[in-house]
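Below: a set of structures, written as structure tokens.
In the two complexes that follow, chain A is the common piece, with chain B as its partner first and chain C second.
Moving on, here comes the complex of A and B:
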């Protein structure tokens, strides 16, 4: 019985690895996949072999590079095709890009946190993929927000367009999520799709806020600036 | 074959039509908001803002361009020339007013009516009707090839003063009321009138003109802001409602004229009131949500007197304390840090 369980576990892990990393690049060449357009507060990036470096605007991200945002921090990343990601606070992503003969595959792996995507319409052979610990989402000319909870559960709210989602576990269910709907993909591989509620829609709208502004509070003890995020 | 011949004839005719020199005047819509001072320097166009362009179609030809600006003052029947210029010959190309006087397009001659220009400058902005005409001549400057003209009508809407701050129906601390208003042209000075409105049923106009004013048509020069505290003739009462009007004095014949703003009303915060105490509590709660920072600490320790705090947005506009608190409450998740300048 123990051996059986181990074999099952092995196959689950093996199939997970196959599915999760199937769209990722075959080569590890230093392909400039994206550029960091904006950095607010604490944003760091690293290559597979290096330690975390402070990210500055116009930092180039190559395939396999990781980017992470600290508390109350935001990074705006743009891909060569004009698609952009707004990486919200306390989020870790890994960028992959694979220039194949017939198209460009962009895959962003999000381990935890929230990320808004505004994806330009993809050419026939191009793909824009977001991979989370529990799902793979294929996006073509779509905007929305993906939220990966600490336990790996994925909450995907689509603002415009359609996103195809496939669970990585269980029966590997797949479905399409239309604009105005939210999909939850749990660790068992179950996918539920419902009408997005007001809070979820607000969260998607708010995820566009990546413009730093301030209010000045002038007191006899000095002048303070209250910085906040606003729409671009 | 017949068809081919016909097509060739049509193509030939079209090319002949295209070969006719032409000039088309393009006036930028921004001219409506352009200060006339820039427009009136047409006799020396170098350095002027781009207000018009001429699309010249005379391929490969040397041409001369002339331009004329005429003005029909409000109440006049005819246009009068303000300025005129003519260039030296240049190879035909599209050009704009700010190209004239540069390398390949030099001014041959120009004239202007300095009295009319001065009159326009005094008006401060385009007023009445203007006609811009461009003429395209051959390189001798004698034979007119084409011309185009555009009329620009400025309706000269009545000038108004808008009070930017304080805002109607808001509450302000007595010590921190900055009165700000929009400027208008041709003003010698602005005056402020402030009174207390003792009866909520009283009209704002009645309130302004009845009783002893707090500020009685006090001139503040041509500045467009003043701290109310600096011009008060008597103290503002905490909890009272106040009405305020700004007027502009414009000198001119027969004593000039006065332009008045709308009358606005606002309240003076009473630090003893429950409303104020609630604001203090809400501000304290809102600051707590922002995490540890010096502003929160100072306020928490009672070192900051809210009645002496001024709040400004990034663009310099004023926020009331209540507006700031509402903002912090609604946007707690979007506040990223608080720093001291």
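Moving on, here comes the complex of A and C:
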């Protein structure tokens, strides 16, 4: 009986120690992984349990938050490691982030639209991933543009650095895309990599621009401002 | 009369004390000061005094010798910056000396040179840890528009040592921590919460702390703000500009009269391509021909490796040769890295004509240092007693140097400065000065091992009005059976070569360079490993060393200093010990040799966040010379020095978080100087400061403090106590900011000061400011008031 009591007491103490000294789980759902730096025109965001809210500069984005841009709209989002996304018009993205001891894993899901990425040098536990309906791209550095068409086809142009791409369908091909090249991943899981043409390179360059300009039009009825983005 | 005289002198003393305390209108602002960051000191002198020159004397921990800076004078505001190299843990002390145009000498703190009661600034320690702070917003590479500003800081990459929620942030020296939102790794200052950004350059300072509240990292970032208009300018990278215009008017009703003065200040900065230009103009109606320039201007141009400064500026050369001296002229600097060169030319003293007091004929002339020969065709007589004027003094300096200075730098400096004898009519003894020197820096392992040395040799001619030696004079003075002996031919050769650099005559110093009387040199070696800083330094300054670019070096001194500072218990406790020994009379030109010994120790505790940080320090200064106190020689006895000073201080600060933040400061300094000579210059003082700042809401804070000051000099006591209560509020959506405080003084100094200041923003870049001070003085001194109004526009 005495032995049983001792064993029970031991297990109680052991359980207590396990609970007391076990590392607390990371509650990543509340981790502010990114912040919206700039908003042009119509940008909205939502949490899984909320409806779409108007996005303003300094809006913080947690993991699972979604952000969408309307027509002629742009949002600039910066992750806490300094990496940034320029979300172009008519685009929907979802932010995922996993805080680790020595870094941050960032996964941005883009359902449709265009998004430029500028990634800081990834260290230790850092990872920067972009997920599209047809592919997963691991950005090893440092900038480029991803364009997801309505049918889910992904066009990835790398401006600088190198990106590893893996198709999600078919034979799940994978390859590396280097600077100055464009990769197209279709719904069948086929990946093609070619030299980027002038139009694609221009599009990447223009995606960097996120300044809004205006023209002031003075009429007898009043003064109007016509806003436009600086590359248009 | 026998009884009334002491009473009269006592009253005179008390009133002189009262007057002395009112010479300065404010105390220098005390802010968090960290190691190796420059300290800006600014103080307002009552306008009843016309400031001619002002000096800041300061000393770092462990040093007896005071360094001096020529303070900048803008009207009655005097200011100076103590260089970062001198701001060392655990504290720094200074006092300010002001010379007025009427020959008065004012000191802040009162009688500081005599009592040793210097103004103390506690310097916080920072570890050499490079914490990586990521600035998410604003973009540091591009200017922002006024409405766009919000601050987002990421501490994702900082080490575990950093307690993120203890982080404190300043923008342009204004602490904004109370406005911040802390969210995990993110720290955010939301949009429209802070409206005090400068148009143009802004400085963001972030201090990270560990869990004990000890600062572990200080980082500074710069960003630019544009005014509203140039949305187009932001996309036009070729030309950027910004500026500030400030117009100020002052009215002061003081016990000795009414004064009013107006000032205007404008600054303009532009960038075109890689060329950055800055123009600063300061104008005041206090400009007078009898003073050194009050109106100041400066144009600076910087392009890649080229820098050019035109106007009133303070060129920096090795400190033995030129530092802290205003030059009206031009300085150019070309920095290629391996080879660099800097040169300056201009006027360091403006001519001020003397004043004719009395004319003398050749027969009636009397001797006197202010009796000079004058132009009889102009003044009617050949001699006059005058108030001596000031010659225009010009200066040229050049320094070629090799290496950037991180690991290696070797420089050579030549300085020539000369009074223009013809610049005024009523002056005497124009001077000329040449200094040559070299400096060396060697840094190893990111300057953890650092060696710096500099040396300079000076020549000064104390009267160049008679020109160079003529052959006849040399023949009459040098040669066999002549006063100086030597070879006259050799002396003539020296004159012919030397006169290209400096006027050669009998007033040149040194006449005999073998005694090294005009040599100055200093060197230090520091080793900083394993949290232990060890530094040993040596200084030698001959008794006749003189540089017109650095008038305030203490000459005739040599000695060494040893300093050791160690961090213990994971840097929760810091111990500092320093010993310095100096002596004078290097060329045996004084009656006695004086030895100065200084032992300073301090221990600082940064234990836990919920315990206050504390620093205890003890200093022991002793001064004595080799005169025997029982000598019967009354002249020697008069020069006898023997005193010892013991100083003990406690300083503490504590952030108490009770619903809201309450910041507490306590400073206690006690000092006792015992003079063992017959002069009885013993002195002692006790200073206690306690203050608390309460941040009730973001828009409302209060502050309260008390000061106890008790000093005694040669058995004469002076005690006063003061209380300071005030509020700061922000109203009308932060368009109106007001501060009100009341500050009664009790004891030997009786007065009450009411301060009110208000700042109203008509537009984000246009503000009106009103500052009012009313002083209730003890009768019969009449009450005084000061009204200051200024408008500031930024573009």
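Keep in mind that, in the parts below, the second predicted complex is superposed on the first by the 195 of 232 C-alpha atoms of A that agree within 3 Å, B and C clash if a C-alpha of one lies under 4 Å from a C-alpha of the other, contacts with A are read in each partner's own complex, and residues count from 1 in each chain.
Quick note on the criterion: a contact is a pair of C-beta atoms (placed from the backbone, for glycine too) under 8 Å apart; a residue touches a chain by one contact, two chains touch by 3 or more.
Keep in mind the model is a prediction, meaning the values are calculated, not measured.
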(request) Please indicate which partner A:70 is in contact with in the superposed arrangement: first for chain B, second for chain C, both, or neither. (result) neither
(message) Between chain B and chain C, whom does A:37 touch in the aligned arrangement: first, second, both, or neither?
(response) second
(request) May I ask you to decide whether A:206 touches chain B, chain C, both, or neither, giving the answer as first, second, both or neither? (result) first
(request) Kindly classify A:214 by the partners it touches after superposition: chain B alone (first), chain C alone (second), both, or neither? (result) both
(message) Between chain B and chain C, whom does A:82 touch in the aligned arrangement: first, second, both, or neither?
(response) second
(request) Could you say whether A:60 touches chain B, chain C, both of them, or neither, answering first, second, both or neither? (result) second
(request) Once the two structures are superposed, pull the chain A residues common to the chain B and chain C interfaces. (result) 212-214, 230
(message) Please output the residues of chain C touching chain A within their complex, sorted ascending.
(response) 134, 136-137, 139, 148, 150, 152, 154, 156-157, 183-186, 188, 190-191, 231-232, 234-235
(request) Write out the stretch or stretches of chain B touching chain A in their complex. (result) 290, 293-295, 298, 303-305, 308-314, 319, 324, 327-328, 331, 333-341
(request) Spell out the residues on chain A that touch chain C in their complex, using ranges where they run on. (result) 30-32, 35, 37, 56-58, 60, 78, 80-82, 99, 103-104, 211-214, 230
(request) Using the touch rule from the top, collect the residues of chain A that touch chain B in their complex. (result) 40-41, 72-73, 206, 209, 212-230
